[in-house]
């Protein structure tokens, strides 16, 4: 509750900057149009027109808000023209990919921490894998998966997974190695098995790292889902909206899809934050 | 004088079977600015049921020696045998209960949870776990604090919780690194008595690091005096005190004599005075 | 008997200006399973140049009291004044040197770097820093360990480094929470002497938590005995010992009498025996 | 068939060699293990492509890629300069710098923490795919817009980690600073930043790979007719998959070197952290 | 019914109306075919999908198909519903460009992905350098929209007669503000939307039989669409999953598309093929096709059968 005023202040500041930028960026077009039609614009007219363009360089906030209202609230959630429908499509791939990615990242991290061969050989290649531009190979992945009969949600989720497992690996390797020497020594004196050491010491000690990583992984996963939507023929989902918007120069549509995606990400990341708070509280660490 | 005595006591063959034997032990820590010799030519035999105190100036290698026994550190040279097998085997057979110098409780577990931890690991049943936790909590006078988290406890209470944790399961060999350092005299006396009673009851072998000369003398059957840089054993004193030890024994002449010998040994290890 | 004495000593007005005064102090920790009263109705006056020892069973609130003085904890009720101002003001004026119960060295700094830390913060010049670091390292016998990292030191050595850190700068008030707990008797005696010398030389006011009755009596001009749950002051003993204190004073009858009184006070705070 | 069998054999051999090697603790072994792993991977790839006769427009064999690498090294170098040196590095430095400053500002002023952090998270969660075209529209086709995309991409991971790290000091460490009456900046500089370093490097490492991807992907949305992303996106259309993969190899090498560099600095800066002190 | 998958080169729009109409009107059913139409997009190389087994037949442009062929993809043109090229270069009049002689010193935006080749060969025909040097032009890659033109990042941009041109108009410019150069008129026209399949498929009699029926039904769809443009546009809209297309735009597009398909019965005209190859081979310094692929790249086998 006490966050409301600060958040509103910041949002207000952003809106002011946004309206200002809209004037600056869209001015050129309005002036050009006026020149073509031999009109002379007063300053208020100029400003008003920069905020009411059809295909502005930067749409004004209220234009985006109107579009959002139109596509979120005024359409049936199941309709193809509803942003809710597209957000839902993207979210399913995001969440599935995030789940898979977190599992994979987790498994790799455990392997790296516990297995010398993996520690030495896998990590450099995990890193290399992340330097491959996903947008370049996403189409190939989709094609290959399609060829072997996998289509629909899973190919997109695979790309999400590809992007989201990495932060989890990096964070978890660090986290699983964060217990100090004495705590590990204790486990040794009790002759704890590796599994016991893992569940009772390394895992709890890695929790702060895990959550920080999962937040990043979730954001990455959403990017992956959107990237994955492009080469699937961009039939549905926020990625498809972005793409379609860009082919037809519909900046307002792009921005509303963008804000929807950000809202989705914020909600998902916020959810992880909530789980984090609950977990750490229950662990007595908050 | 000291060395003669040391030689004499080393020569006297212990009557009981040997539990821990160290021979020609050396340990060198490699640090970025040169090696640190923490243990040098250490020889020691500890019999079954012995209560051995280690005393010596800070930094002389007491902790290091305990760590070697518990297979937490690998000696640079020399051999250690525990129950006739290398420490690693003994460790895997769960021969040790170790109380570390710092409490080292896990911050995400309550006091009860911390004490329960080794029991879970060793596979005790749930009711048995609960019963043992209760028993040791009472032993160290922390009953009622089971549900608190470590940071909600005072320093001494944390230390007691860590002692409780090591006592909760039945290790043959107890390695205790200054367990009573942060406790007041009264609790300390109380726990000394409790520890002696436990020891008498169970025939455990106990290695005990302390800085208190009276405590060392009161508790031990054998007192090992060490000197620093490099860490060596300068004296091993077999205590003539009987197994039954009321607190009053601390005023007896034998007691004071041993205490005196320990103090002299300690002083010799210090550069000043 | 105890309470009469306490009343008597509380009534005797200190001759020196008051440095720390606590009145009607209460502190309750709110925990998830109910409140814990750590301090109850604590009244105390400490004069300039006093050496005050706090002694009491573990968990009685000694650390808490020190933390309140240092403005690390806000009392639930009651007032504390330090040099006539609230602790916060005194803290901002850098009146305190605090030795914590655990060493708490920063792992990314060497021993030298850790000791230098407060000096850097307080803006001492580079040469002055170097000189002071050297001086206190020698004081606690850690010369030569300046470049080591905390995890390369034994427990006692870490503790000494943390003492050195608090002594390196000129705080008027030294708050020391069991500083010598992890040290052997010889070093401890040595540091006791050093501390007394420092105190005599500088007129610092020292609040000192210890579990050793002889240590408390040897060092202090005033001994505060506390009892637990809830933490109260049960006795305040003004020491009649002279300011000049050779180690031998510990065998004098006055010394033993005070020690006896402290021990009785302590015992009363414990439930058993 | 021969190729498939050969692939299997090399696979087994590599695994065996690595298991043996990783037991040794020399630095040569530490280097050899990933290299062997990689060589095996490459060989198996070659074997699979040849063995199953996979079309070169789907997946070219490593040998073909290597040949192309030699042929087009001039183009590859030119693209590398455009994308990595101009776009990615500039953006990385600016983005990480901005994130660290923001973390500190956010940490300093509670009002901003409450206000900026939720909004910041929201803004940072805007997917690059959507942002890239807009930033290209604003900053033009050249590397400036790539740097801007990288800034946006690396900002969030570094910020999240830095904020978490700045909060990761123990109570006693903070109390010590209080008793010194250390001001905000002193305690930030002497305590909180060092303590936050392990977290910050976590973010910096993740950001190093993101920076590269960001710069490349951004070029998909507009670039001069040079750059790795440009080459990849346009060569796919011409089915020059060998050139595409050669660019990917450059990206992987550059990215790994970048990450490795950051990891080395991390080692030097956080040698004291348990995760760096060996295990 | 026999299953067949068609991979489009671009997103669902009236450009592909013939196929959607054939599906919607049951022309495929009549041929006992069950056709799946997969939309494309900027990141989809239909050739990859085809060779990867994700589709049996695809819509592609001849330049990129030939480039693919030269890079080892055995694909063959089996039908050519589009007769004319819809590509053109659209310039803003205000930049002072009225004829190709005015190009030097200006920035021309083009799509890449193979679409740049005709432009390069045009420039080399005109004798202009393309590296931005004095007396030459600057070639700028642009994405598949007209924003760079509107925002003056380029002075001329590639557009399609049926799509991007109208987006410029929709943005508020009038035809008087613009100058257009149709590739068709400049002698650099290359063949656009044709149907392609792999050599492997062509060797399979069962598949060729399916392809024959498919081409026959598709051409029927195209002719229906030409005659009923509004209905065709509606059918396309119904099939648009993104929900981003508008009726007005699709109807207009259908009208323009009809002009391009007019004059084709589906069979490839070898002369058009040769012309396209010539244009591609003269594409400046770094041509993607270096040799004439010859007749192996197309076949009349399917259309001969289908159009009987």
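Read from first to last, the chains carry the letters A, B, C, D and E; within each, the first residue is number 1.
The rule we apply is simple: a contact is a pair of C-beta atoms (placed from the backbone, for glycine too) under 8 Å apart; a residue touches a chain by one contact, two chains touch by 3 or more.
Note that the structure is a prediction, hence the values are computed from the model and not measured.
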Please identify each chain that touches subunit A as well as subunit D. E
Any chains in contact with both subunit D and subunit E? A
If you count the C-beta pairs in contact for each pair of chains, which pair comes out on top? A-D
From the centre of subunit C, which chain's CA centre is farthest? E
Go ahead and note the Å separation of the Cα centroids belonging to subunit A and subunit B. 54
Averaging over Cα atoms per chain, report the distance between subunit B and subunit C in Å. 28
Let me have the rounded angstrom distance from the C-alpha centre of subunit A over to the C-alpha centre of subunit E, please. 34
Please compute the C-alpha centroid of subunit B, do the same for subunit E, then give the distance between them in whole Å. 85
So which stretches of subunit A touch two or more other chains? 57, 135, 139-140, 143-144, 181, 230, 246
At least two partner chains per residue is the criterion; list those residues in subunit C. 102, 151
Junction residues of subunit D - those touching two or more other chains: 58, 133, 137, 233, 236, 273, 277
Full enumeration of touching chain pairs: A-B, A-D, A-E, B-C, C-D, D-E
Residues on subunit A engaged by subunit E in the complex (per definition of touch): 28-29, 33, 36, 54-55, 57, 79-81, 135, 138-140, 143-144, 146-147, 230-231, 233-236, 240-241, 243-250, 253
Residue ranges of subunit C touching subunit D (in the complex, touch as defined): 67, 70-72, 91-94, 96-98, 100, 102, 104, 106-109, 117-118, 120-122, 149, 151, 175
Under the definition above, what is the set of subunit D residues touching subunit E in their complex? 55-58, 133, 137, 140-141, 221-225, 230, 233-234, 236-241
Under the touch definition given earlier, write down the residues of subunit C that touch subunit B in their complex. 29, 31, 33, 36, 55-59, 62-63, 101-102, 147-148, 152-157, 159-160, 177-178, 181-188, 190, 211-213, 263, 266-267, 269-270, 272-273
The residues of subunit E that touch subunit D in their complex are 43, 45, 47-48, 51-52, 64, 67-68, 71-73, 112-116, 139-143, 147-148, 151, 153, 288
